[in-house]
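After this come two complexes, each holding subunit A, first together with subunit B and then together with subunit C.
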Partner chain A sequence: MVTLTPSVRPLPATRRRSRRMRQLATAAPFVLPGLILVLVFVVWPLIRGIQMSLYDWNLPAPSRSEFIGLDNFVRAFTQDPTFWVAVRNTFLYAIVTVPIQIVLGLGAAVLLNGRIRGRTIYRALFYLPVVTSWLIVSYVFAFLFSDGDGPVNYFFVNIVHILPEPVPWLHETWPAQVPIMVLGIWKGVGWNMVIFLAALQSIPHELNEAAVLDGANAWQRFTRVTLPLLKPTFQFVSVVLIVGAFNVFISVYLLTGGGPEKSTEVLLSYMYNQAFTNLDFGYGVTVGLILGATVMVFGFLQRRITRGAVD
Partner chain B sequence: MRRRAIIPTIAGLAALTLLAGCSGDGGEQPQAGDDVCASETPVTITFWHTYSTDSAENTQLNDVLLPEFEKECPGVTVDAVVMPYDGLHDQLIAAVSGGGLPDVMRMDIIWTPEFADLGVLTPLDDLDGFSDIANTVLPGPLSTNEFEGQHYGLPLDTNTQVLVYNSELLPEPPTTFEELTADAEALKSQGVYGLALGGAGPWNVFPWFWSAGGTVTDDSYTKATGYLDSAASQAALQWLVDFNDAGLLGPSSIGGSPDSWGGFSGGDYASLSDGPWIFPSLSGDMGDKITGAPLPAGPGGSISVVGGENLVTFATSDKQAAAWEFSKFMLSDFAQGAMAEVGQLPVTQAGLESDAVTSVPYLAAYVQQLQNAQARTPVPAWPQIDQILTDAFTAALRGSKPVDQALSDAASQIDPLLAGD
Partner chain C sequence: MVDMLVRTGAVVAPEQPARRRRRGFERATRGLVRWRIVQYVVLTLGAVVMVLPFAYMVGTALSPERWVMPYPPTIWPDNATLDNFVRAINEAGLARYALNSLIVAVVAVVLTLIVSSLSAFAFARLEFPLKEVIFGFYLVTMMIPDLIALLPKFQVLRDLGLTNSWWGLWAVYVSNAVAFNTFLLRGFFSRIPRELEDATRIDGGGTWTFFLRVLLPLSKPALATVAVFAFLGAWDDFWWARLLIQDPDLRTLPIGIQLFFNSHATQWTTVFAATTLAALPEIAIFVALQRYFVNGAFSAGVRG
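Right after this comes the complex of A and B.
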């Protein structure tokens, strides 16, 4: 008997299973390449990382590593002040750079959403830092912020007279945060602009027109119409930016190397130095895992907090 | 059928990663060495070095040395690979953990104890012909290969720093610290710094710290407390700090601009302490003005720092015999002489006295200074100690820490590293 709509009558269990197998077989070639890549490059290193974090890892002969349980984690949380310096600097970087990037990115997007001459050029200019290599701009910033008569010092000391004397930007704990953060912000604004611009352009004209008819001025239209409609974008952007901020590495590594005396270390540079300078791979991996877990917790919390607002 | 092509590739990648995960702690014992040169099927060894791609050293290696070696030892072919020095240490560490080490490598002398301690280098003492070579090379460079009573490499080339000065600004090189200070004070009025260092790390500071009477550890490298923070060491670093505070030391010493070479060739800095490589690089711009002399003597004498490279064989290699044949060749008079022609200072007394060295005027000061040059603390934890000392010297020169505190902080951080924790 032929049924045109097989869903009307439930199929026997064996047929259902075999159909699922067939579907699986059809899907497998599409899923497998990605799945294998994820297994090899994400899941396997993660498992291996968790394993390494429980050992005093012996680099040339892993099989002779000593099992030390949670000692690496205990060391990070209770015995290692530099770890907390790295945590402080990482959070500080996120707290400062994320909101500034969002505000500047949104501002640029609003300006470039209007009909101004040459806006394509401006958009390209804002986006240029995003596609420039971290390596190259870090070296450029190292030059700009160099000691003594470096360009930034020269500008602030000799031209606008804001600073009484040159600042050793890259060699002291707090001044060093400036080039690191300015670089992060400068490099990130363009990306925010593009995302916000896309979101702005998806807002229907009718809503603004209706608001105009209701007598709303430009500021009211922005705060009452545009901003609420951008909430999903804010959520997306802030999650991505916070994850990105926690992963700050190249700029710190190249601008200060974590110095002086490890006081500008962030979690990733500290992880790198533990592994490659101190050859303490077990501890380095531990720092990396703690960072990974923190990022996951943050992502989860952010979703929970903003879910109500979005829906 | 793209899928067919992709899946084996991924499987291959996966297999590679897995293989890399189980890193090789195996490796074979050196075999009897005589027959490898005569073997029918050529053995190819991989040789990593840091001669830059376009350098005269690299050309000499590929056009003169390797053809000669392959003529003398037809059974062995050398695949010489240029490795950029920047980041190389970390790249090696990654290769130790993930596989992919070469057979033979020309490595910075300061890394040898670290990699020997990791157990990835072949001890050479029992190999055929080692003692003959050990007897002909200079003891200082040879000692940088020593770790726990065994030698894990051969010195390949050596270098040191001398006072490199601009003879237009300094007609006579200072021979004592007093003369240096007097010269620098005279130059200050012309807006010229008497001396500049390339940075505040041990490589740059040690010649002045040692010459001023400072020490880092005891003679057997077991303790820094009592040495690095001794009164003599404090006075030595204080001398450099005072010299800097008096405005006599160029800003490049603590990372400012112009950098040491730029400032020197531009006439902002009258002298530097630097290695022989500065001469071929700057003599084009500066002509005869760039001159070298032994370091001025301070309370501790005129003591410079030994640099250079060692030739090591990795224990992970399964071509130990071929690697050893190549190592012996690189220490031969022919190879040492050929590299001396392109500015690599030989490690044998005979090599230092050869025409290749004596015919190059600027090398005379270096050969003389090598009699009074010390190695940096040859211990596995040197990279960490290097960082700690850089921090201490930088803090003292910047005035962010008093000299005594900077040195005692550093000593207490270095002690556990020397104890092997």
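Right after this comes the complex of A and C.
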């Protein structure tokens, strides 16, 4: 029996320390610029936000803010019906826009996958709304959904005769959900398409050919071969889309401003309006924190569930 | 969409008798042709829906000044004119705002590239204490949407005297991008072969030589992806520019457009001339650099 003695003995403590110092000296100029920026402008605002949420915050003179403990949170959860309207609208937006975007994006990707003329052009046209800024497309949708003789009203009233009369899309609670959600879907489909197309093209041909030999028809191949292989893509896409849906803001702000009577507020527009219209800065901060916590909890849950499913 | 896939499935298993197989083959071909037609029709319809809003925007921007919502709504005006573009540039001060946006975006790109590539290099190729902890921490911060901290971040920027200055914008843009770009570029940087690093050392070069002379030139595609998204992020930004910038001389394009819209409510012709001009660089960059968008599509989603 041969016993192997470790040939590398641990370095003496002083030499180990000097090596670590050298490592630090080499790495510091690379790591520190980014790390300092993240600490000052990402982490510190979160800590500051937790502090601010405990005050009746005075923006012009922060030192004169009044400490009110958890009153802002109590107010949000128990005394403020509009907060719950914003929660409802935000969740509704996520529930409607996320699955529709996924289905349409996957559908477009399936249609584009395979031999097809002009694929680059189709892909570019579908992606156009994704690269255009929210500000621009929000104004365009405000125009399309104008009251009275706006293009959307004209189409549904005078051409396809689905609506008996023009709808004041941007000025009533429930109709206003339509332009907001349609805009979100329209702007998001192209992104979904590109992600799913990339995933579809990474599926080896042999798998589909083998399934054909086994007598599987197109539908069976799609549901039994393709869809299971797309599972990681579905998970990635749904996390990104749900977080994105919770961030819906500029379209609501520009299309309805949260009105009429705050009935179309989502959490971020409500946060903003509390701070800059109501000048209730601390309460606005609190609404933002509650949304942030929701997104974080959701993200961790999703990761937990995903990991469980993979095991 | 899914329903159409069902109807196309007419491929027949090979072990069937010859006649049935031939019938099956004809059916399959017919199915394929029908599938092809459906494919093009649906895709074209989809593309029309994607483009129509833009067509309305450009058509309205080209309409004569005394404009009312046409009935029935037409896309292309009878007597198209470029007057609105001239008006948007002169009256709305668009040229100045566009120049400001360009400067802000270009500097944001440069700063983002510097900070992100340095950071990613450290996590890809260097050893240092707490490396894994910091990286894990970056992954967590990636999940926190930027806008939920809009208000406290505004307070912090006020504390630091960064309001009403482009430095405040750059601080926000670059710091928001660090974690994700570190993650994105780290993957690319760590795939560059070890041998190249060893060769640099044998030639007497140190860490910086390797980083600047070898690794960065080899990483152009990844850096281009980062640059494209940094540019569009800064060019598009509405909230930070709106909150931080009060000085009219420092305003960026989105703020200029919003102010113009608010003061000339629903004067759609000029508003859309302005938005058309603002959208042009976005679309031009997209058309010119399409392949980086496919790489970067993943990052676009993460940034919302």
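Here, the second predicted complex is superposed on the first by the 298 of 311 C-alpha atoms of A that agree within 3 Å, B and C clash if a C-alpha of one lies under 4 Å from a C-alpha of the other, contacts with A are read in each partner's own complex, and residues count from 1 in each chain.
Note that a residue touches a chain if its C-beta (ideal position, glycine included) is under 8 Å from a C-beta of that chain, and two chains touch if they have at least 3 such contacts.
Predicted model, so just to flag it, every value in this text is computed and none were measured.
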Discussion item. Quick check for you: in the superposed arrangement, does A:Ala61 touch first (subunit B), second (subunit C), both or neither?
Written reply: first
Discussion item. In the overlaid three-chain picture, which partner chain does A:Trp44 touch, first (subunit B) or second (subunit C), both, or neither?
Written reply: both
Worksheet item: Between subunit B (first) and subunit C (second), which does A:Pro228 come into contact with in this model arrangement: first, second, both, or neither?
Response: neither
Item to complete: Could you look at A:Thr277 and tell me whether it touches subunit B, subunit C, both or neither (first, second, both, neither)?
Response: first
Discussion item. Tell me the contact category for A:Leu170 with respect to subunit B and subunit C: first, second, both or neither.
Written reply: first
Discussion item. Applying the document's definition of touch, where does A:Glu261 land relative to subunit B and subunit C: first, second, both, or neither?
Written reply: first
Worksheet item: Once the shared chain is lined up, is A:Pro81 touching subunit B (first), subunit C (second), both, or neither of them?
Response: neither
Worksheet item: First (subunit B), second (subunit C), both or neither: which does A:Gly69 touch?
Response: neither
Worksheet entry | Partner chain(s) touched by A:Pro29 [first = subunit B, second = subunit C, both, neither] | both
Fill in: Residue contacts on subunit A - larger count, subunit B or subunit C
C
Worksheet item: Touching subunit B and also subunit C: which subunit A residues?
Response: 29, 33, 37, 40-41, 44, 48, 59, 62, 146, 148-150, 275, 281
Discussion item. So in the complex, the part of subunit A that touches subunit C is made up of which residues?
Written reply: 20, 23-24, 26-31, 33-35, 37-38, 40-46, 48-49, 52, 59, 62, 103-104, 106-108, 110-112, 116, 120-122, 124-137, 139-141, 143-144, 146, 148-151, 154, 158, 186, 189-191, 194-195, 198, 212-215, 217-222, 236-237, 240-241, 243-244, 246-247, 249-250, 254, 268, 271-272, 275, 281, 284-285, 288-289, 291-292, 295-296, 299
Discussion item. List the residues on subunit B that touch subunit A in their complex, please.
Written reply: 3, 6-7, 10-11, 13-14, 17, 21-23, 25, 89-90, 93-94, 96-97, 114, 118-120, 251, 254-257, 383-384, 387, 390-391, 394-395, 398, 400
Worksheet item: In their shared complex, at which residues does subunit A touch subunit B?
Response: 29, 32-33, 36-37, 39-41, 44, 48, 59-63, 146-150, 168, 170-172, 259-261, 275-279, 281
Worksheet, complete the sentence: Interface with subunit A, subunit C side, in the complex: residues 1-2, 5-6, 8-15, 39-40, 42-43, 46-47, 49-51, 53-54, 56-57, 60, 69, 71-73, 114-116, 118-119, 121-123, 126-129, 134, 138, 141, 143-145, 147-153, 155-156, 158, 160, 171-172, 174-176, 178-179, 182, 207, 211, 232, 235-236, 238-239, 254, 257-258, 261, 266, 268, 271-272, 275, 278-279, 282-283, 285-287, 290, 293-294, 297-298, 300-302, 304
